[in-house]
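Order of writing sets the chain letters: A, B and C. Residues in each chain are counted from 1.
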Amino acid sequence: MTPLAAPTTTILVTIDEKTYSADPGETILDVCKREGINIPTLCFLEGVSTVGACRLCLIEIEGTRKLLPACATVVAPFQKVKTNSDRLKKNRRMTLELLFSERNHICSVCVANYNCRLQDLAHEVGMDHVRFPYLFPDCNVDGTNKIYNIDHNRCIMCTKCVRTCDEVEGAHTWDVRGRGFESRIIADFDEAWGTSPTCTLCGKCVSVCPTGALWHKQSVQNNMKKSPEMVSELTAKRGRKG
Amino acid sequence: MNLAKLNDIAAATKEKCKNKKRVCVCAGAACISSGAIQTLDSMKKIVKEKGLDKTVDVIPVGCIGACHQGPLVKILPDETIYQKITPAEAALIAEKHLAKNEVVKSLLFATGAGKESPVNSNETDFFKKQRKVVLETCGNINPESIEDYIAVGGYQALYNILSTLSQEEVIAEVKAGGLRGRGGAGFPTGLKWEMVHRYINSTKYVVCNGDEGDPGAFMDRSVLEGDPHRILEGMAIAGYAVGAQKGYIYVRAEYPLAIKRLETAIKQARVQGLLGDKIFETDFNFDIEIRIGAGAFVCGEETALLASIEGKRGTPRPRPPYPAESGLWGKPTLINNVETFANIPKLILIGGKEFASVGTQKSAGTKVFALAGKIMNTGLVEVPMGITLREIIFEIGGGIPGGKKFKAAQTGGPSGGCIPESHLDTPVDYESLGALGTIMGSGGMIIMDETSCMVDVARYFMDFCMNESCGKCVPCRVGTKQMFDLLNKICTGQGSPADLALLEELAPYVRETSLCGLGMTAPNPLMSTLRYFREEYMAHINDHWCPAGVCKMEPAAQLAEAHS
Amino acid sequence: MSKKKLATVWLGGCSGCHMSLLDIDERLLELLKLVDIVKSPIVDTKEFPGVDVALVEGAITSDEHLHEIHNIRKKTKILVAFGDCAVTANVPSLRNPIPMKDVLSRAYIEAESVDKGQIPCDDAILKLLPRVMPLHEAVKVDVFIPGCPPSADLIFYVLSELVNGRIPVLDKERLRYG
């Protein structure tokens, strides 16, 4: 969303003490990606709408008390951004610890082991253990679809599947039910995925899922490769940006 | 509608009531639940039977304030309030007070034992220190009668601005009044209006946030039930100022009476040409629709509320952009709380300068509080900003019942904090309460005495936040759950110093990383009780003992529960 | 320099981490110049002696494990959570969302290999905890080595750091779950 008084010329922003030029309307994450500055993200997907929900890409902006999500914050002239302060690092580790504690993420028996965004980030932030008790909520596996499975134990509620299904495939099979800790991804009106009249079996949700929550029935432990860039490329070809 | 017609309605209504006594039977939700409708019906019947209806009007009114003594009956113009009136006692009042002008002393509204109750209720301790702006006519007029509202000066402010002020001048007046958002955060209202006004767009919206969700808070409900036209007028004025033609009132489904009265009020206003096209024969068009919430606390957060109005799942989104820039359906949207809008007509009528003469320098005007918990006089009070908590609790509220000792006052509900005895002389304003680690909030004030365990209180509010978290962002969704579990552990005597340390690391994290206000403020009850009542936490952890005797301690669980 | 005392312990795990330990192969000999393995599944010692370093494999699944880990903690200078089961409770914890009686019934009655089974109830048998825990939920843990199992190289790195009196740091390159 472009602010009303958006300047039309190039903007200079300082990120981690280096100055870069950016186009008006670009987000801080856009600039960082282009310049090779690593900011961890989980719920962001190029090509679909931005939700700013995982809170991993939070950054510090000088003069702003609040931490802001890089994915949803538009560059402003002479902004001074910190992407990797100790405060941010501490928060990122905490976010990942909370995510691991929330459901049953047991890497060793996961189809996405070694191909998992959540796991990669845990390694990246040096999360050598989770200080919170694991919560073990009651989550099921829906194996009714003939090609894919959804294992809610692995789901981190990033809603990439929901947004991709709605905005790219146009099927809107996936949505969210419930509140807070009890919220779950559902197919249609909370039905078995296999009986969904809206699902086109396109598999885009499976490609964009960052963990082993959505997977191909043929895959076994460690071999479910994901390809979220497929959806980003598709939307880029259609000339749309999230 | 034009000024002459407005004046005619006011004059005719006044004429009808001239030299008559007015029996106001409180028909707010609290009094109805203690039998006010029966009282009202029997009062009407008796007045008719006794042939008093030439000199007496019996009307249902909105909240009179002293909810703990309902059903309340107020006699105007004497300002006499009778408490806990049954149908039989209604007959007695009719016979004595209405027929013979004799006060029924035994039924008079009383605020303390041993004291003689004044005949004029405004002289009682409960009302004496109150200052009514928002509730000015609530409890004196029939909320289902637009004529009643017009007779007390209603819609005059709307006429005034439409006929004499530019949009900028209205905004300048609101700014001069120093009014700040009564939803709790205290953002300057005039500034917000100016922001929405500044965005150039042919479609703009005005939204009234009536999704009052704090446990124990009922200010907005009382205003909506008792004086709905005041809100409509306030919204119309805002609509004119920011350049909107459409307004939405978002009310929770748990407030059926408020919804019913709002519906009636909107219909009446449309019939009278006070909503709709060409209001007061000007080019200003404005209409209002009600949207009913589905009971999610998070929908009190503005972006979640807007999503809900649009028919989407009620979840917040990152700000900026703020609703002023991109709100309902991406259009510039002004969103204010019920009480904020209720302040507007009066502010316009008396002028910003006069409005700002009440209250403190930075917090102008009055604030409505819903007193609840361990306090003598529970109910609805409106006080000037800057009054001390001690005055509210011990003078207006009448102190703690049963000879118990005061422990803490909780303001701001699940987003607020607890204030201990030592800070009771703090003036009530946005900044002072903020400095104590709590917030003004929308006006819930829960009083706790020595029988409340503060760890248990923190757990209660955390439970609330955990259940009301929308689940969108990680810190709130999982953080509140983990904080609740840790608090639960402490409350059951299983907590360790390590648990407390983890809690103290998690709480500020949730506060600084959550997506919306719900998560950002969810740790407040925990952090403020830790700040003022740390010794209670330590007693639970180190001595496995709850000083207030509330928490039940369990033996170390893991081994005892092992299967056999 | 006197040799450090090392213990390796096998709690609720599959022994895979110990297999990986043996996979450090000839480097074991190097290591043994610096440490004495005084207690291990491959050493016949009954009592847990005082040690400098204890590698503890497996999660805490029973009252016996709980008792043991408290005892180990008391007698150990540096306690290492060794492998995913010790760090996260891993596969053993898969039973946590399932009621205990269903778990036992599945193992002792319904399992395909069982004929006329019954759930054991002798007091001499250890009792399962209602919830399988990682080590750090029961005691303080000094070093965490995730991995299912941790690679031999990683184990060697951690041990060589420890015997040289350093606390190993598992950075992005070395940290690996699963």
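Points worth noting:
One rule holds for everything that comes next: contacts are C-beta pairs under 8 Å (C-beta built on N, C-alpha and C of every residue); 3 or more make two chains touch, one makes a residue touch a chain.
Because the structure is a prediction, the values reported are computed rather than measured.
The greatest centre-to-centre distance from chain B, using averaged C-alpha positions, is reached by C.
The interface with the greater number of C-beta contacts, when A-C is set against A-B, is A-B.
Each chain gets one centre point, the mean of its Cα atoms, and the points for chain B and chain C are 57 Å apart. Rounded to whole angstrom, the centroid-to-centroid distance between chain A and chain C, based on C-alpha atoms, equals 34 Å.
The mean-CA centres of chain A and chain B are about 39 angstrom from one another, to the nearest whole unit. The residues of chain C that reach two or more other chains are 131, listed in rising order.
For chain A, the set of residues touching two or more other chains reads 131, 133. Listed in rising order, the residues of chain A touching chain C in the complex are 100, 104, 106-110, 113-114, 119, 122-124, 126-131, 133-134, 136-139, 222.
Listing the residues of chain B that touch chain A in their complex gives 199-200, 296, 298, 313, 317-318, 320-321, 325-326, 330, 466-482, 485, 502, 505-506, 509, 512-515.
Per the touch definition, chain A reaches chain B in the complex via residues 1, 3-4, 50-55, 58, 66-69, 72-74, 90-91, 94-95, 98-99, 101-102, 131-133, 135, 156-157, 175-176, 178-183.
Residue ranges on chain C touching chain A, taken from their complex, read 81, 84, 87-91, 93-94, 96-97, 131, 133-134, 136-137, 141, 144, 146, 148, 170-172, 175-178.
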